[in-house]
Every structure is written in C-alpha cells, then in structure tokens.
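Letters A, B, C, D and E name the chains as they come in the text, with residue numbers starting at 1 for each one.
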Amino acid sequence: MAAQDPAAPDLLAVEGLTVSFATDRGRVTAIRDVSFAVKPGEILSIVGESGSGKTVSMLSVLGLTDRRTTTVEGAVTFRGRDVLGLPDRALRRIRGKEIALISQDPMTALTPVHTVGWQIVEQIRTHESVSAAAAKRRAIELLDAVGLPNPAEAFGRYPHQLSGGMRQRAVIAMALSCSPALLVADEPTTALDVTVQAQVLDLIVRLRRDFGSAIVLITHDMGVVSEVADRVIVMYAGRIVESGTRDEIFGNPSHPYTWGLIASIPPIDGARPRRLASIPGLPPTPANQPPGCGFAPRCRFRFAPCDATVPPLARSGHAVRCHIEPAARPDARRLVLPDWETAR
Amino acid sequence: MTDIPLPPATAGSDRPDGPWARARAKLLADHAAIGAAVVLVLIVLAVLAAPLYARHVSGTDPFRSTLSAKIEIGGKKVPVMERSTEGLGLGVTPIGPTWGPRYLLGADSQGRDVAARLLYGGRNSLLIAGSATALCLFLAALVGVTAGFFGGAVDLVLSRLLDVLWAFPVYLLAISLSIVLINGGLTIGPITIASNSLMLPILIIGVIYVPYVARPIRGQVLTLKRSEFVLASVGLGIPRRRILVKDILPNVSTTLIVFVPLMMALNIVTESALSFLSIGVQPPDASWGTIIQEGQGLLYSRPAVSLAPGIAIVVTVLALNVLGDGVRDAFDPRSKLRPR
Amino acid sequence: DRAADMAAHRGGTLRLVTVAAEGTIDPHINYTLKNWQIYQLAYDGLVNFSRVAGPGAFKLVPSLAEEIPTPTDGGKTWTFKIRKGVKFSNGKDLTPDDVVASLRRIFKVSGPTAGTFYNGIVGADACLSAPADCKLEGVTADAAAGTVTIALTAPDSEFLYKLAVPHAAILPADAPAKDVGTDPIPGTGAYMIQSYDPNQRMKLVRNPYFKEWSEAAQPDGFVDEIDYDFGLTEEAAITAIQNGQADWLFDPPPADRLNELGTTYAAQVHVNPLMAFWYAPMNTNLAPFNDARVRQAVNYAIDRSAIVDLFGGPVLAQPVCQILPPNMPGHEPVCQYTTDPGSEWSGPDMDKAKALVEESGTAGQEVTIVTEDTAVSKAIGTYLQTVLGDLGYKAAVKPISSNIQFTYIQNTNNKVQMSISQWYQDYPQPSNFLNILLSCASFTPGADASINISGYCNKDLDARMKAALELAVTDPEASYAEWTKIDQAFMDAAPMAPLFTPKRVDFVSSRVGNYMFSSQFYMILANVWVK
Amino acid sequence: MIVSLIRRLAEMVFVMFGISVVVFLIFFATPGSDPAARIAGRNAAPETVEQVRRDFGFDRPLPVQYVSMMRRLFVTQDLTSFVNRGQRVIPLVMDAAPITLSLVAGAAVIWVIGGILLGVVTAATAGTWVDKTLMIVALVGVSMPVFWLGEVMNLLSQSRLHDTWMFSWVPALGYKPFSEDPAGWFRTLVIPWFTLAALYVGIYGRVLRANLVEAYQEDFVRTARAKGLGPARVMLRHALRTSMIPFITMFGLDFGVLVGGSALLTEVVFGLNGVGRLTYLALLSLDLPMILATVLYASFFVVVANAAVDLVYLAVDPRTREG
Amino acid sequence: MTDTAVRPLLEARNLTKRYVVGRSFVPGSGRTVHAVENVSLAVRRGDTLGLVGESGSGKSTLGRCLTRLYDVTAGEILFDGVDIARADGRALAPVRRRMQMIFQDPSASLNPRRTVRDLIGEPLAVHGLRPRREIPARLDELMDLVGLPAAYLDRYPHEFSGGQRQRIGIARALAVEPELIVADEPVSALDVSVQAQIVNLFADLRERLGLTYVFIAHDLGVVRQVADRVAVMYLGGIVETGDTTAVFGAPAHPYTEALVSAIPQARRAKGPVRPRILLQGDLPSPLAPPPGCAFSTRCPKAFDRCRTDRPALTPRADGRAVACHLPG
C-alpha cells in the first residue's frame, strides 16, 4: 500500500454532515453528524450494514441527492472549496472530473441504450475539449488499462453485451477517464462473484498505484476492507461508530458492533466454530432511532448511559463512539472474540 | 433462541395492518383522489335524484315527446318547439336554455327537458359503464387466470382467441356486435335479451375490452405462477386449486381493483361513442352519448343539447381517471397498466 | 327563349354533391332516385317522361320510339318504330336489335323490377326462372321496318310508364349481360357517364354523338360537365354551397340549418312537393294491430302536425291521412281520422282513439316500433311511442340501420308490429301506391322482400284493384275514380297510418340559373346553367 | 431473423383468418340481413330474389361461401360489394387508405411531439405546480370523447367563430387530396389532427412522465449525473432515450390500430372518408365483402404495426438485438 | 460416494435440465439453455451437502429439480430409494411433505397478502398433520423453534425484516416435518450481522431435528460453516465434490482453487498466504457451452485435451471426486 503523508492537506473534508429525507411518513434522518476526511492518494473504506447511510453520505458529498426531498446540513470541503455551497454549474465541473463515482450494481449503472465507448467519450468530452477521435483513443486506452480484453471491440459494445465483471471494469474505466483526484466506489464488488470480485479489487488497488487517486471504498464486507483499505470508517444506523487506520480497526477493534461484524464472518480455514458469533436483533430503521447509543438495543454490554446519551466520537486518531471505558474494552472484546489476540 | 430481543417490525404504528389497509391509508392521504371521489359521489347522487328533479323541479317527463306544449316564461306563453316565421319559414327550433327551473338547458328535438334527460342519461351511462366494468373484469379474470394458470392447450386456445380479438380494432368489434345484437336481440338458452335492453351495451362493452385486461392478468398469473411463493406452496404439497385461490387470486385482485376506475372511465367514453353512432343505448332510454347524438342535429341552433352531456362525460371521466391514478399509486405504484 | 339562353349560358361545370354514392351504375339494376335522376341525362327509353316543370312532368313523350303507338290486339301488342340516326355515346347507331337486347337484359341481370314491371311480356316467366338463356319471345325486331314489337300476356294500362323508367333504358346490344358495377354503359342521352368511383366522384360529360331529337324527351344540356362528388356530410355540403364551392346537394339539408337557409339564403332555396308519403305500417296479423279498431285509434291519435314539425315544419310537409299522395291521379283530399273529418287533417282526436282502444281491450300490450336510425325516422318513432303510451300501450322504439330496416320490417319472421316507412312513386299511377303496397301478391310471409309491410290482404279490395287496372286500359278516368274509392276503403281498415307528404328542399348555389323541378325526377339537370 | 419473419407471417395469417371467420359468422348471425333480398332491390319479385341468391352463391353452405369470398378477395381481387352492386371493394379500401393515413400520420406527429414535450417538462418539474397543472390538462385531454371534441371544434370553427380571425381559414369539412391541393389538404386536416391527437398527447405524456420519473431512480441516471453532465443532457440522452422504449411500443400499436380504422369517430365527425368511416358504413349496411376487406385490412395493420415495433426496438433498444 | 453401506436419502443420477427460451408456436424456434448437465450427487441422511458455484452455474436449477419444483429433462432422482424424477403431481404429494425448499429471497417466497398464521398453518391443515384444535399450539411451537415471538403470527410478511422473514420461511418449511431441506442461498439477501443468526439457526435445527440439508450458497465461508460435504458447480456441471474442509483446504480442481484463493485474507484465521489466482474472463453462456471441459476457457492450466474432451467426475482416493484431466 502506498504510504500517505499524514501532514498533507485533506483532499476532502466532511464536517458534521446530517442528511434527512422528506417521506410520506414525515422527515427521516438517514445520517447524523458524520465527519471524516480523505487525504490524497489514500484508500478510505466505509463499512456498515445495509441502510447505515454509507451511500447517502457519499451522494450528498457529490450533491447527487434529490434536492426536492433531501436536506443536507454540515460542511463538505473539497480541495479547500465548500462543495455544498457551490452553484450547480461549478459542482458539475467537480463531478466526474475531480470526484468520480463507481456504483454498486454494474448491471444498471450504464445506460442500456448507448455503447460503453460512447458513454466514456461523453464524459471525457463533457470535461475536456478534445476531439472525438482523441476521446475515443483515450477511452480505448482506459478500457485497456482496466484489463478488458480487446478494448477496441469493447468500445463499441452495449452494456448488456458485457458480463458483470466486464461491465464493472467499464464503469471503472469511465470513472477514471478524467483522472479524478477522488474515486468513490460504492460497493463495487457486491454484485459480483468471488472470482470476479478478486479481479476487480485487484484492479482498484492497482489503479491507486498508477493514477494516484484517493479512493473511498464503500462496502459491507470486512474481508474486502482488510485487504485494501488504509483507513476504515465503521458506520451504524447513520452514525460513525468507529474509525481509524486499518491496523487500528483490525488490530484493536474497539466498538461492540465492530466486534460483532468481525465475529459473524464465517472463517474460511482453520477450525470451524460450532456456532458463529452473531449480533442479536436488527439494526434500527432511520425512522426509529433509539434516543441514546444507536447500537444499545443489540449490545450485550449495554448499561444505563447507553440509553441516555449518544456517546461522543473523537475527532482524530482511532475514534470509538462507545460508553464503555476504553480500559474495559479489551476484556469485553474477549467475551465476543475469545481467540482474537491469539489469532493475530 | 427466544432470547433474541426483537425490535418492532416496522416503523410507526405498533400494530400495522395488511396490504389492503395500507393501500387505503395511502389513498386517503391522496387529496386529488379524494377530491375526485367526492365529485363522483356527487355525480352519482345527482343522477340518482333524476326522478326528483324531473318531477319536482322541471315538472316534465323526460321520456315523453312534448312537441306541441307551451310553457310560461316571464308571464308569456312560449311554445317549446318554435316554428320559424321568417323568410321561407323553414325549420322548427326547440326552446333554448331558460336558466329557470323548467327547461334549464333547453329542450331537445322532441321538446323534452334536456336537464332532466341529462340526469337520467347519466344513470344509464354510469350503470352501463359500471356493469360493463364488472363484467369485463370478471371475464378477463376468468380468461386470464385460466389461461395463465392452467397453461398448455387451454392457454394456447385462449391466448390465440385473445390475439384475434386484440387485432380487431375495438370500435369495429363493438359496432359489429352492436349491429347484430340490436337487430336481433340476444338469446342465450332460456334467456332472451331484448334489443333495446341496457344489457346489450353492457354485454358488448364488457366483452370488447376483455383482451386488454385479460392479457396483463394472464401475464401476471404467469409471473405469479413462477414466483417463489407459489413454488414454495407447490413444494409444500398444497393442492393446485388451493394455490389458485389463496396465492394467485388475491394478488390478481389488486390488479383488478386498479383497473376498476380506469375501465369505468374507458367504458363511459366507449358507451358514449357507441350511443353517438346510435348503436348503444336505444331510445327512449337516454345516455350521455345518445343525448350528444340527438343534439348533433341541433348543434348549430341549440349547441347546449350536446355540449352539456359532453361536459358531464368529461367531468366524470376526469374524476375517474384521477381516482384511478390514486388507486393505482396506492396499490401498485410501479405498475404501468394502461387499458385502452 | 331556349336558343337565346343556350347562347348566353352554355358551358361550365355543374358540381353536385351527396353524402354517399348509391351503388352500381347499371341503369337496369340501380333502383335509387339519386341515380335515376342522373340516368335522365345519359339514357333513354322508348318513351320518356317529359322534361318540364309542374304537372306536365308526368306526361310521356316518345323518345327512342318515333311516336307513342296505340296498342293492338286488345292492348296486348305494342309496335314501336325506332328513331333513326340516334347514336350511342360510343358512336354506334341505335338499332331495333339494341331494343330487343335491352329488354332481355332486364331479365339477364335479374333487374329488381323484372318480376314486377316486366313480367307481363310474353316469355318473361321463362326468363325469370332461367335468366341466363332468356329469349323473351314476346319482343321481336323487324330490322327492315325499323320496328320492335312487344307482346304482352294481358293488356297493361301502365306499360308505357314502365318503359319510361330507367330499368327499361335502351343500351347497346353488346352491353354485358351482368351487373356492370362501376363501368358505365354507353347511352343515347345528351351526356355520358365518363367515370364512376363510388367513394369519390361520378363525372358526366357531353355525349359527342348526341343530336337533340326532342327537347321534351332529351333536351341538350347547358353545362359541359357535371361532377357529382360523394362523401361530404350534409352539414359540410350546405356550408360548401353557401360558400359557392358546390352547386347542389341531393340529400335533405340538416334540420338545424333550415332556419338559416329559409332566411339568409331564401333566394337559393326551392321547395317543391313530392309524390310520396311517410307512413307507419301496422302489422295486421300481430296483436294488437290485428284489431282494426286499434289501427284506427292510432290514426286518430297521431298529432300529424307534431310529426310535420319533426320533419321541419309545415312548409316542408303536409299532414295526410290517405294513401294516394296529392297530384296523383285519383287523389281526392279527404281525412277521416281527425277532430272534424273532411278534406283536411285538423287535429288528433284522442277521445275517439282512447274509446276505440278501450273497446278493443288491448290496452297494456307491448308494442315495438321499428324505425330507421336516421334522425327523422327515429324522431317520429319516438313521438309515436309517446302516442302509443298515451293510448295505454307499453311502447318501445327500435331504430335499426337504414340499410337493413327496409328489408327487416318486411319479413314476417321478425314479427315487426309497427314501423316507419316511406314510399316514393316509380311512375304516377295510383296502382304504384295502392296495388304495390297493399295487394295480396305483395305479401310473402317469411321473405325479406314483401313490400306489403302491414301484411294486409283483403281479397275484396284485391279484386277491385285488379278490376281498376283492367279498366284503366280502356277508361283511365273511370279507373282513377275507382282508385279514389279503393284508397278510402283501405283507409277504413287502416292497415297503416299515413303521416305526411314530404316536400323537397333544393338548396342551390348562387350561380345556378334556370332551376326547374320535375316531380318525377327532381331538379332537371339538363336545364340548369351555371354561367 | 428468418424464423422470426416466418413466425410473424404465421401469426398474421392466423389472426387475419380468425378475424375473417368472426366477421363472417357475425354477419350470418344477423337477422334481417338476407343479402339476396337487399341486393335484389325494393319490391323485387321472389323469382328475382332467388336468382340473386343463386348468382351470389348464398344458397351454398357457409364454408363454401367463405372460401369463395376469400378467393375473390385475395386471389382474383374482384370481390364486389353487396350493397353497392358491382363495386369492387379493394380499390375502395385503397382509395380510403390515404385519407386515414393523412389523418393519423399528422395526428401522430402532433401527439409524439406533444407527448414528449409534456412528458419531459412534467418529469423535469415533477411535484411542482407546473407538473400538476400540465398533468390535469393532459387528463382532461384523455377524458374528452373524441367525437364530442370534434363536434365542439366543428361548432366553433365552422359556425360560431368561423367568421372571426381565428377560424376564417377553416375550409368546409371533407378531404382534399394532397396531390391536388397541398395547402387545402393541410387546412382541412389541421383541426382533425389536433382533435385526434388530444387523447394521445395526454396518454403519452403521462406514460412518458411515469417512465422518466422511474428512470430518474435508476442507477444509470445517477451515474450520468455523477459524470458531471448537465441536466438537459441527462434528461435527453440518458433518461429519455431509455424511456422511449415503452413509448415506441405504444406508438406502434396505436398507430396500427388507428390506420386500421379505429380513427372512425374522428373520420365520421369531420366527414373524412377514411377506412374507419368506410368500415363503419359497411357495418351499418351489413355489406359483408366490404366489412371483410376493411377489417382484414385493419388487422393487417395491427399485425404489421406489431412487427414494425419489433424492428424499431432493434434500433432503439440494443438489448433486443441478439438472438 | 465411497460409502455404499448407507443408502443416501437423496441421490441424483445423471440429472439434466434444459430450458428452451424464446419458443413460439412455430416449431423449431427457441434456443436451449443447458442449465444442469448430467449431474450426479448423493446426500446421506443427517448430512449437509453444500453447493457452491458462480452465478448462473445452475445451483438454483439443480435445487429446484431435486425438490421436483421443476420437471427434469433427463436422469433420475432417488429420494429414499424411490425415483421421483418422473413422478406426477399425485405421486409426488407424499414426497413433497418429506422434503422442503427454502428460497434466497425471503420476501418473494412469502405471499404478501397472507398472514404468517395463514402461511405456516396452511400446510399443517392441508396435510392434516395435526388435528384442527392443536394447530395453534403447533404454530406457537414452530415460531419458537425459529426464534420468533408467537405474537407475530397475525402479521403480514411486509411487517418483518429480512432476517425475520427468512425465519418465517424456515418455520413454514418445518411445519410439514420434512427430512430434507434444500436451502437456496438462504442468507445471501441478508445483512452481515443477521446472516450469522440464520446460519446458526440452520445448525441448531439440524441438531434438534436431525435434518438433512442441501445448502446452496456462493459464500464459501458460509458453506464451509454449515456443510459436511461440498459440491462445486461450474456451468451446469459438478467439477469437484468432497469433504468441505478437505476441498477448501486443498482444492483439487483448478476452478475450486481459484475460487478459494479469491476469498479476502481477513476471512482466514491464520496460516500461509496463498497466492491469489486471478481468472480471466467470465462464465461462458449456457446457451453455447464450450466443447470439452467447461472450465477450459478460463483455466490457467488448460491444455489441448481440455478443449476437446469433457472430463468425467472421477472419484479419487481421498473420498473426493474431481472432473479434471490433470492428474490428481
């Protein structure tokens, strides 16, 4: 993994982001007070359960939420500029050019009625005034770079003519077409088979190396995170519950939810546990948040303060949103992940 | 395993209710649909009050020719049908709108009170459209479900039949059927339907749209048949008939409900079109379409006669369409049902 | 005078319009007034109706025959001397053989009147049953003498009239022995039909070989061309005539335009009486109309002036309560079904009607009135329904398509109790109304062609009609008197309710001049000019 | 390709066969329609009626009559009308077709453009008052019986407002062939076009709006926006292009049905002698040969339209191109 | 398949299932999807067979054929020694009760218009498994078995979360007291934290009720957790079967090898880091399967013979069977 300069200015800084939606059942707050920063060239991974607000947080950074129903509060600064305050036009110059998005489902992310090449050329020519032929040449290069066999032919293909993995690679090629400083990959491998997932992850890591883009990788698979991330943010019910470097998170996971996540993954080798450790219960819906710590209802370490207040989160370093005394955490962890230390 | 604490299953109310109640709640929150429903109720009440209006307000029998009657307006006796006295003295013109209780909208070419006929006509229009809708949906469900569920040869025959009817332009089919039936009436076994019975337009309109509803229903049943919950029932060894009744029909029923207002709207227009071509409701019965048709001969001199029922149709159909949108959104927001 | 007019007004194109064409162009088959009016321009019989306005229009004049012969053999043999020098529009000369072939052709093409008008010719029976090899022995030509002799099985006072209608038009001998459909057959008239497309237009141009031989029989026309356009609605046609885009409309103008025409365009409107009537046949074999009292009650109860209003007012129709129309020989104005019986209808007599119904004890029965689905027919039916309702019956109206209604109401299988119908004369003889509409021979149960719609067969009156027909051969005037009485006698039994005699409204464009109206064939097209 | 072509053809033949049988049976089930009596003419002698019956083959068994009629319609092409004796039906239909085609094609242009505009504008402004107002207007269009709208238009343009600047250009009702008088053709058809299109603009606008709104929930639109494309381009090149597919299906079917004669109400009201009116008149007069010809013509168009839709699909939806 | 002493509860012999797509009433149209080709497998009573493979490799089709939800094109299915491959509705009825299917998408497999009570109670009533008045008690028992409060019986499926719905599906399958359960990706639609709950539930039920499972999943970890034996499918055929730990520990077929190596490291407790094998390309279309070995188009070790001959599933000494031309 490429090392980053910790002193470098943040590429993207998100401060106190809170997003709520107007729905038929009233206002629903999907994410609350989310703050994080992305340094140039780093891979930041956001993990969390379905509905925990991973996608919404990144969409609001890009201004892609529906203005009519969504309220976005907080501050988003990209290269020192306040993104949320930007007029549409200026925002569009950032989208695709400086921040690119790869979305979850390669089956639906491409417009079905245009060829893959057309869609890549469209993006290039939206942001740069180059000739159609030059754009095409560049597109083919990109397709080649993401490892599509026979890129010239793939250029003229329609999305449905490509397999899932090829499509996802085409989406990645498109995202890279303007050499963005930041690549947001929203669960780029969830819809893919394991063997294909491996190919795509490999590609993403390679791209960071070749293009130097920072990457925000959204996923719910702890395995993927451990493989590629520099830093990790764990989200639960619209809030960040833990954040830190990969080593901090995997070496010293400190939030009961993170433990649960790690514990519930069936191991692929070694001894087979008789039962998997699991987190009982279900995550709350945005409309139904408990007043205190969001994880409290499922937490086996829950005690009075958990129901009363939302635990605070440190602004930097290995931050944990939990009322359990830091000193007591390893003991608690041992209850959930008995063989953690030995495993490491 | 009972130790797992369970959060409430869904947001909001503690004891949430079934799909029907959910749809109802959604519908009740739809202001446009509620407004449309109110308009429809008012229209229905108005047409139900037709005899009251005829007897007590206009004081005429809207089914009786009153060619030589005279009425008093502003103290003067005026003939309902006025013979031309100018020039060559050609033509006889019925009285125009008086905006009073008698002949509010004027008279038609038989000297009958148009306002009263409008109300009576509305009864027939709504009755025919309503019954035809019921009939159509019943037949379509029967055909669609049978074809979709039993498949095989049954499906082949029924689908081909639907194909044929589908390629037969609706109005032409309706007209052919009307002409046959109006000339001869209809005898099915012991039942004889007279040629001027309202049953005929109901039957005709009910039948012609069957392919348009049966096809989507068949498609839906085919999808349902392949759906996992039906497969699950099959796997559980549930008898076919029970699967049909318990798993398939309830799901088809919402589609049918969604079709109701839309088909109503369509049927009102179709009925009026047939009546306009004088092969729908037969005189002396009236429907909005027949009044338009009768008014056509007076369009230049007394346009109110055919404008009024036209406006009634537009308002009713508009309300039905708005309500239909609401019902569709409430039951099945993603469906793109479009009967035509 | 005509020659001066010719010099001043000859030329131009006359643009006629009508809602729809009326089928085949074959003059031996087509049985519609619309086409008969056109055939006057293109075809001739041995005799023609004379082309003049007023009562003279019913007078027969020799046309392709040099003169009207007197029959010999007690009225059974007619010998016509064929006019020389007449040419068909294809340039061929007219010969006696053409005449013989034409009369045979009536049978070969199964002309609609072959069995009713021309069945009196010797050999007609064989021709009717085997048209393909029709010999029609009764018709013989003598080329040398230039004559044609027609032998009848019995004297026929109306034979000349039958020869004057287009069904007996003289066509070239080589005219196809089948319905020609849309291919016009050459004729001898002043004009020839150049093309015919029933969905678009019929076009007539001058017959290049025409030389006027008798102004009364076949006058030379003023206009050079006649375009007859099909497909415009009446509304549209009226507007077009008002705007000068068309010259004349065959169909009656729509009711709601009448007032406008009668006031703003009075100068272009011509109203003329017709020899026709609208009536309501009542099925004398079905309850309740199998009781004469009920039929009389209906006749009493009908407010004929209300019905006249439905037709457009008193200017356009005249109430009648007898079968023979005004101007018909034998017509004596009389009305017995009115408040004060006399020569005219004055008002309905509801009391008498109700009394008759009560007497009959039929009140409460169901009656269905079958009308055409045209505005007027339906309106009359609706009105009659009210009348029958007032008389105590449960009445219903059943309008059916105009094209079917006429055959539908004739067939006894359809059990039609009452209907609305009209009858227009083929030729001006009382028998054309009374004998055709009410003779026993016209009643064929179970057939779609049974013109005696009432199904009324009175042996007595049948015999009297036969006698009157025979009398007409020798003493027409006496026979007319007898027809008057027969008319009365029928009305006593009231197998129908005569309603009114319609008048015809012709609305012509402002450029049309020399309008003339013949009661037989309506506006005389040859006399009209447009310049 | 060949297989699907054969399939189409087989389907077409089947459907047309089915329809002709239905029509045939309906006709012979109708009382009061003894064609012989009507062909023979009023007051014809029984012998004459018999003769006509024999000539026209009405005394033969129905299947024989059916076959001979079909042969005359398709093989010898000399089938003639029962009502207008001697009149060949095929040229008649061929003469009427251009009129219907003019009417429907013109209306189609209006309703396609109008429908797209309506759909795009309302989808772009979804939820605002602009959207709501336009949707109500569209619904009014959908709710108006076309014949009534036509009559009101006639009343205004031919009578009430005919002498004002608004409608003084409107010619009398009826059709003017394009080849003879292009300006007249246009002027006579403008009002019928709009009348016929009113319904479809509403329907198409609403369907398109629904599809566009749905497309806006799709991932690919989000991707397009994330690429930095402007709203117009996202709408037109991505959302609209994809949403046009159901639009085209509907268009094909509607166009086929209308050209096949379903525009008869408009034709009747505006006095256009198109196929629809021809069929209607044939039905009214129970003119079986005419009915067969027009109805088969109509079903032909419906089936052809279906096939055409499939072809257009190939053009607009690359997903259908294989297989 | 070394164990011949015990008769398998379920055995498939040369099972083949093809779909014909795009057929119309014109003969000869339509194309054949070779969804399952010539598959043989056996499940002993009390065992769990895991079925893994790429998307579209025919796992669901095979599962549905085994439970006779689909008709099979060819081959035999022996359930407790009786061939049910050709059995019709009537003959199947008793067998149906003894084996059950659980579906991937818990929402799609529950009729949204029926309450839980109705859904679970129906098979009880239809099969007359309990007298009418004992049904409510049995329903409570079933709910308890899958860890749901009995109070939820009168709710509709949409009022439950995914995990809860899957429990309802399981309770319904258990209602008929089956011996065999075919579970088609029962946890893939669930959240990570819920997935483990359901996996545990399967294990518990197996212990308590002595069930036999065919467990379909694409997550190898899950399969390893629940299955005793595993069958790896590729393009409609089985490429390798054997003991789960053995197969995952030392894959014999190149495809299995690639599959196992593709799993991210965090999923491994410890041990040597295996080099990742990155495959090229994707699963070929089942409309036109390649000649020879189905995997030959992507196999890093393929040689000429692989592209012409189809290797048969051959038993090996260690109790495994592998379909590969490479010497094992």
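Remarks
Here, contacts are C-beta pairs under 8 Å (C-beta built on N, C-alpha and C of every residue); 3 or more make two chains touch, one makes a residue touch a chain.
Please read all numbers here as calculations on a predicted model, not as lab measurements.
Steps from subunit A to subunit C, minimised over paths through touching chains, total 2. The fewest steps needed to get from subunit B to subunit C, moving only between touching chains, is 1.
Interface comparison, C-D versus B-E: the higher count of C-beta contacts falls to C-D.
Relative to the C-alpha centre of subunit E, the farthest chain centre belongs to C. Among the remaining chains, the Cα-based centre furthest from that of subunit A is the centre of C.
Taking the mean of all protein Cα atoms as the centre, the chain whose own Cα mean lies nearest is D. Per-chain CA centroids place subunit C at a distance of 88 Å from subunit E. Averaged C-alpha coordinates put the centre of subunit A at 32 Å from the centre of subunit E.
With centres taken as mean Cα positions, subunit B sits 54 Å from subunit A. Between the Cα centres of subunit B and subunit D there is a gap of 23 Å.
Along subunit C, residues 235, 373, 400-401, 404, 408 each make contact with two or more other chains.
Contacts with at least two other chains are made by residues 25, 161, 164, 197 of subunit E. Taken residue by residue, subunit A touches two or more other chains at 280, 282, whereas all remaining positions touch fewer. Taken in their complex, subunit E has these residues touching subunit B: 25, 64, 67, 69, 89, 92-93, 96-97, 99-101, 103, 105, 108-115, 118, 122-123, 126-127, 144-149, 152, 155-156, 158-161, 164, 169, 172-173, 175-176, 197, 201, 204. Remark: subunit A residues 49-50, 149, 163-166, 193-199, 201-202, 220-227, 250, 257, 260-261, 263-280, 282-283, 343 touch subunit E in the complex. If you check the complex, the residues on subunit D that touch subunit C are 31-34, 36-38, 40-49, 51-52, 55, 80-81, 83-88, 91-92, 95-96, 154, 158, 172-175, 271, 273, 278, 281, 284-287.
Interface residues of subunit C, counted against subunit B in their complex, comprise 235, 254-264, 266, 269, 271, 303, 305-306, 309-310, 312-316, 368, 373, 375, 378-379, 381-383, 385-386, 389, 396-401, 404, 408, 505. Remark: subunit D residues 127, 218-231, 233, 237-238, 241-242, 316-319, 321-322 touch subunit A in the complex.
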